[in-house]
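After this come two complexes, each holding chain A, first together with chain B and then together with chain C.
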Partner chain A sequence: MRLEVGKIFIEDIRFGESTHVEKGTLYVNEKELIDLFIEDDRIKSAKIELAKPGESIRITPVKDVLEPRVKVSGGGTNFPGVVGNKVKQVGEGRTHVLSGAAVVTVGKIVGFQEGIVDMTGIGADYTPFSKMLNICVVIEPEEGIESHAYEAAAREAGLVVTNFIGEAGRNIEPDEIEVFETKGIIEQAKMYPNLPRIGYVCMLQSQGLLHDTYVYGVDAKKIIPTLMNPTEFMDGAVISGNCVASCDKIPTYLHQNDPIIEELFEKHGKELNFMGVIITNENVFLADKERCSDGVAKLARLMDLDGVIITEEGYGNPDTDLMMNCKKVEQNGIKTVLVTDEFPGRDGKSESLADAVKEADALVSCGQGNIVITMPPMDKVIGTLEDIETMIGGYDGSLKEDGSIEAEIQIIISATSAFGCNKLTARMH
Partner chain B sequence: MSKLKVVHYINNFFAGIGGEEKADIPPREMEGFVGPGMALNNSLGDEAEIVATVVCGDSYYAENLEKAEADLLEMIKKYDADLFISGPAFNAGRYGVACGAIAKAVEEKLGIPSVTAMYEENPGVDMFKKDLYIITTGNSAADMRKAVKKLGEFALKLVKDEEIGTPEAEGYHVRGIRTNYFHEKRGAKRAVEMMLKKVNNLPYETEYEMPDFGNVTPMPAIMDLSDKKIALVTSGGVVPTDNPDRIESSSATKYGIYDISEYDSMPADKFTTIHGGYDRTYALQDINRVVPLDVMRDLEKEGVIGELADYYIATTGTGTSVGNARGFGEEYSKKLLADGVQAVIVTST
Partner chain C sequence: MRESTIIVTNNPLVNQARYKDVEKVFVETGNMQGVLLRARDMIHKGHKLLSHPLSGSLKPNENPYKSIIVSKNAESIEFDHIIMIEKGIETAEKFFRGKELPKYKPATDHDFMVIDKSIVESGLKNNGGA
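Then we have the complex of A and B:
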């Protein structure tokens, strides 16, 4: 599949009479955006707030972050299977991106796992979203709403708003166009016969309600490993419905901008032959883990790969899936590199992973999530601070009187996401 | 400005008291520096000085761990030192262990920054590297001059609270502590680079070596439970509704012991779950799903088990460090044993 990704650089976001892009500024109209989802009777009220890099703003609890994109040509629509009622194959043609802007869904906590995005200060250093121009969709759920219904309502609102904003880029000439292409397996292998054939095994969070991912609208709990073209991710085929520990979270934005896919394309045709993506899940039942890790190894062998990079979302339970995938792939004579984050306790002295296999001899670390930092108070809070002490990474006494927060970096969105989007790492001292 | 005060620990041999025949001497103190303390004092320069030296025989320390430590701490306390240094012990095993033990005790119990030095094969390294900075040295006193210089310079950094760099840069043994830093390249880029090395059979270095969790040999299976006292333990985060012990929803630093003697089933209005790693909806509907009290009471009435303990023990499993979990287990198993519990059912989530 061949996809042209046209980036429209957004330098500023502002409220305006209508939602449109003009000379690098994205204007959003609050009523237009809210009207898209306010009829949903799971939602009591909502508002839109803007947050820009460097501003003294704390956004919390954050549920998802999404990037506004639009499919200009090539069949299918952005976020297939989850917005509107059409689901068609995506990943080809041309897609425009409002690059630099992001939609953030915010509201009272659903589970314990939502997190913080600080736009300045030490907390901002840990999240990629402090560098984005954020359009925050702040949602108040109906009284007494059931948690799964609230999660779904917030997720759907985020998708529909992001999709609408993305439309504003349809007829704008992109500032930069990049072409990404992988061919059918046999043709791709023949194209660079002397380069190592590398695949990307992308593990999707699917531990269950409040920890879910969707592929073309299908709950990832229900899939068995399958192949995907890397460009399908760029058209929103994989979206997040997941409240896993914030530091570990792969929000929709990062599925759309998968760093492993980006880095593999960087070297594609030069040092390696990027053959494609194998997606799999992280179900909690042992039978599923066995079935899916077998499936991953089988697909890697069918694709005749020389090596795979395996990433995970989450920690603890899915560390077992990570190790099972690694072991079985290696036993099939295919080399692996694992990417994960670590949880060795606040003093850094415990084991970082919940499981280990000797085949996992090549691991890239995205940092340890247990260290405690103090984030200074912010002038403005988008959302609410009332849940901080029960959020993962928080504890009794985390929220100080002056508004500063002392907590593990687990509480910061995507601080240690286990697929290498950040520069944070860890070493033995 | 007055000089920082340092207390130095050495053994019978380096104190010039005697060799192996004097390894059984009990602790004693002397003013100023003794033996290699002179060179160490020089390496501390103008900023600090050794005000006292405490000495103990290597075998005395090994055979009287608690008393030696207690007596030495008594002696060290009065100097109101800013810094404590023990060794260097090179490859002398008993000396290395004593150096590590006393430095750790001084740091933990007197709150004085402490550092020691020894050779990599000294058993003291593995025993104390997580608790202390241990400077690397050669394997014999032939390395004394260099070792003492390194030790003194590092000790000054430590007491002045200066930033301590990597083990390689500063010359201390790798402590086994995972420490964050920002790399110049993002993880995904490093992953692709590592993949290319591995697939091209070039040398590469993993960023984290697989841990060895060790194996715990299970106790033999109990064939007949009818006369046994059983306790329930859970990592599912089930606690009384107000979470009186403030157990965290992830990365727990504590566990709790809660009375269930008056219940035949876990009451939803008295208990809740605060575990942050699973969807709590079904647990909140019926807490017996995580702490199966109802079934245990049935088994008790039917005589399948002899007796259920009056309490259950709980913590949160998700994100909780292995070190903490190990510590909890070591601690509460003493109580379980003291209360006559013979078997435990652990529910995890």
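Then we have the complex of A and C:
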């Protein structure tokens, strides 16, 4: 499969008469965007707010972050199989990206599982989304609706708004075009016979309400491991429907811009032969864990891989999936490198993961989530500070009178995400 | 065929719910440790551990509620399951040493119940071919 990704660099965002791109500025029309979803009877009210890098703005509670893209050719739509989009194979042809812009869905779904994006100050250093021009969709649910209904409404609103904005890039000539291509397994293996054949095992969070991920619209807890072309992710085949601890979170944006996939393509044909992606889930039942880790190892062997990189989303229960995947893949004579974050307590002295196997002898850390920082007050809050102290990472006394927040970095969106989108790590001494 | 199961829980919402072929053991405890310990005792007696003790990706010292699914039949002792539940208890203790469970507002407390119930139900739904 071959995908051309055309990046249209967005330098500024502003409100305008209509939603369009002009000379590097993305104009959005609030009414146009809100009209896309406001008739949903699960939603009471909504508004659009803008946040730019360096502004004194705190966005919270953040549910998801998405990147506006549009399929220009090659079939299918961005985010296939959801919000009325046809289920059609994606990952081929050409896709335009409004690069530098992001849609952020904001609103309290449950009192503890959404996080913070600060646009300036120390908190901004910990999240990749402080560097984006953010179009925030702030959603207020109808009173009395169940959390899962509101989660679905907010998720769907984010998807339709993002696709609508993405359309603005359809007829714009991109500033830069990148080409990503992998072949069928046999042809790909022959292409670079002297390079190690490397695969990527992407574990998708799938435990239940607010812990779900969707693949072509299918709830990932219902899949068995399967093969994906890396370019399918770039067209939104995998979307986030979850609010795990904020720092662990893989928002939709990171599935669209998976740093592991990008890095593997970077080294493709030079240091390694990138053979493809295996997706699997992180279910609650041990029998599912057995079934799916068996499946991961089987696919890795069928692809005749020499090595795999495995990433996870979440902490605790997923650590067991991570270790089962590692052990079974290694038992097939295939080397593994694991990528995860750590929770060793504030002093860093406790065991970092909830599970471990002896085969897990190569692991990249994306930092530890229990570190405490103090984020300065901001001039403006998009959303509400109401739940800061009960969010994961916050505690009694986290929110100070002056509006500053002392909390574990767990509270910051994607601060230690196991996709390695940040700069944090931990090393052995 | 679906296996008959027991849910060990301290979550009132799960305790009130009705599920087919499911018994419940309600543990009155303010945090999840009591649930982990009760489940451990059952696993030592030969019940199989069916759901992961740390389900939910919520740290033990942040989440007041826990539901663990074990088999109704107690036939043979599975050492892997004993190791897994003991590790879960160890991990929970580690977190409690650093920081106690916060006192949540009633609405947030209720959210934790809802999430735990949803996780348990997603497990029960998928329990088709264990």
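Note that the second predicted complex is superposed on the first by the 424 of 429 C-alpha atoms of A that agree within 3 Å, B and C clash if a C-alpha of one lies under 4 Å from a C-alpha of the other, contacts with A are read in each partner's own complex, and residues count from 1 in each chain.
Criterion: contacts are C-beta pairs under 8 Å (C-beta built on N, C-alpha and C of every residue); 3 or more make two chains touch, one makes a residue touch a chain.
These numbers come from a predicted model, not from an experiment.
Student: Using the overlay on chain A, decide if chain B and chain C clash or can fit next to each other.
Tutor: clash
Student: First (chain B), second (chain C), both or neither: which does A:350 touch?
Tutor: In the superposed model, A:350 contacts both chain B and chain C.
Student: Taking the superposition as given, does A:245 touch the first partner, chain B, the second, chain C, both, or neither?
Tutor: Both chain B and chain C are touched by A:245.
Student: Of the two partner chains, chain B (first) and chain C (second), which one does A:148 touch, if any: first, second, both, or neither?
Tutor: both
Student: Should A:27 be classified as contacting the first partner (chain B), the second (chain C), both, or neither?
Tutor: The answer is neither, since A:27 touches no partner chain.
Student: Could you look at A:192 and tell me whether it touches chain B, chain C, both or neither (first, second, both, neither)?
Tutor: Neither partner.
Student: Contact-wise, after the overlay, does A:271 reach chain B, chain C, both or neither (first, second, both, neither)?
Tutor: first
Student: Where does A:392 make contact in the superposed view: on chain B (first), on chain C (second), on both, or on neither?
Tutor: Touch status of A:392: both partners.
Student: One more residue to check, A:210. First (chain B), second (chain C), both or neither?
Tutor: both
Student: Looking at A:423, would you say it contacts chain B, chain C, both, or neither? Reply first, second, both or neither.
Tutor: After superposition on chain A, A:423 lies in contact with chain B alone.
Student: On chain A, which partner touches more residues: chain B or chain C?
Tutor: Of chain B and chain C, B contacts more residues of chain A.
Student: So the two structures are superposed on chain A. Out of 62-70, 80-88 or 278-286, which stretch of chain B collides with chain C?
Tutor: So the stretch of chain B colliding with chain C after superposition is 278-286.
Student: Overlap of the chain B and chain C footprints on chain A, residue-wise?
Tutor: On chain A, the residues that contact chain B in one structure and chain C in the other are 111-113, 146-148, 207-211, 245, 315-317, 343, 345-347, 350-351, 370, 390, 392, 395-396.
Student: Using the touch definition up top, name the residues of chain B that touch chain A in the complex.
Tutor: It comes out as residues 130, 166-167, 174-192, 194-196, 198-200, 204, 206-208, 210-213, 246, 248-251, 253, 274, 276-281, 317-319, 321-324.
Student: Mind pulling up the chain C residues that touch chain A in the complex?
Tutor: 49-52, 54-59, 62, 69, 81, 84, 87-88, 91, 94-95, 97-99, 102-105, 107-108, 111-112, 114-115, 118-123, 126-127, 129-130
Student: In their shared complex, at which residues does chain A touch chain C?
Tutor: 110-113, 146-148, 205, 207-211, 221-222, 244-245, 248, 283-289, 291, 314-320, 343, 345-347, 350-351, 354-355, 370, 387, 389-390, 392, 395-396
Student: Along chain A, where are the residues that touch chain B in the complex?
Tutor: It comes out as residues 111-113, 125, 146-148, 196, 198, 207-211, 245, 259-260, 262-264, 266-267, 271-272, 306-307, 309, 315-317, 335, 337, 339, 342-353, 356-358, 360-371, 390-393, 395-396, 408, 410, 419-429.
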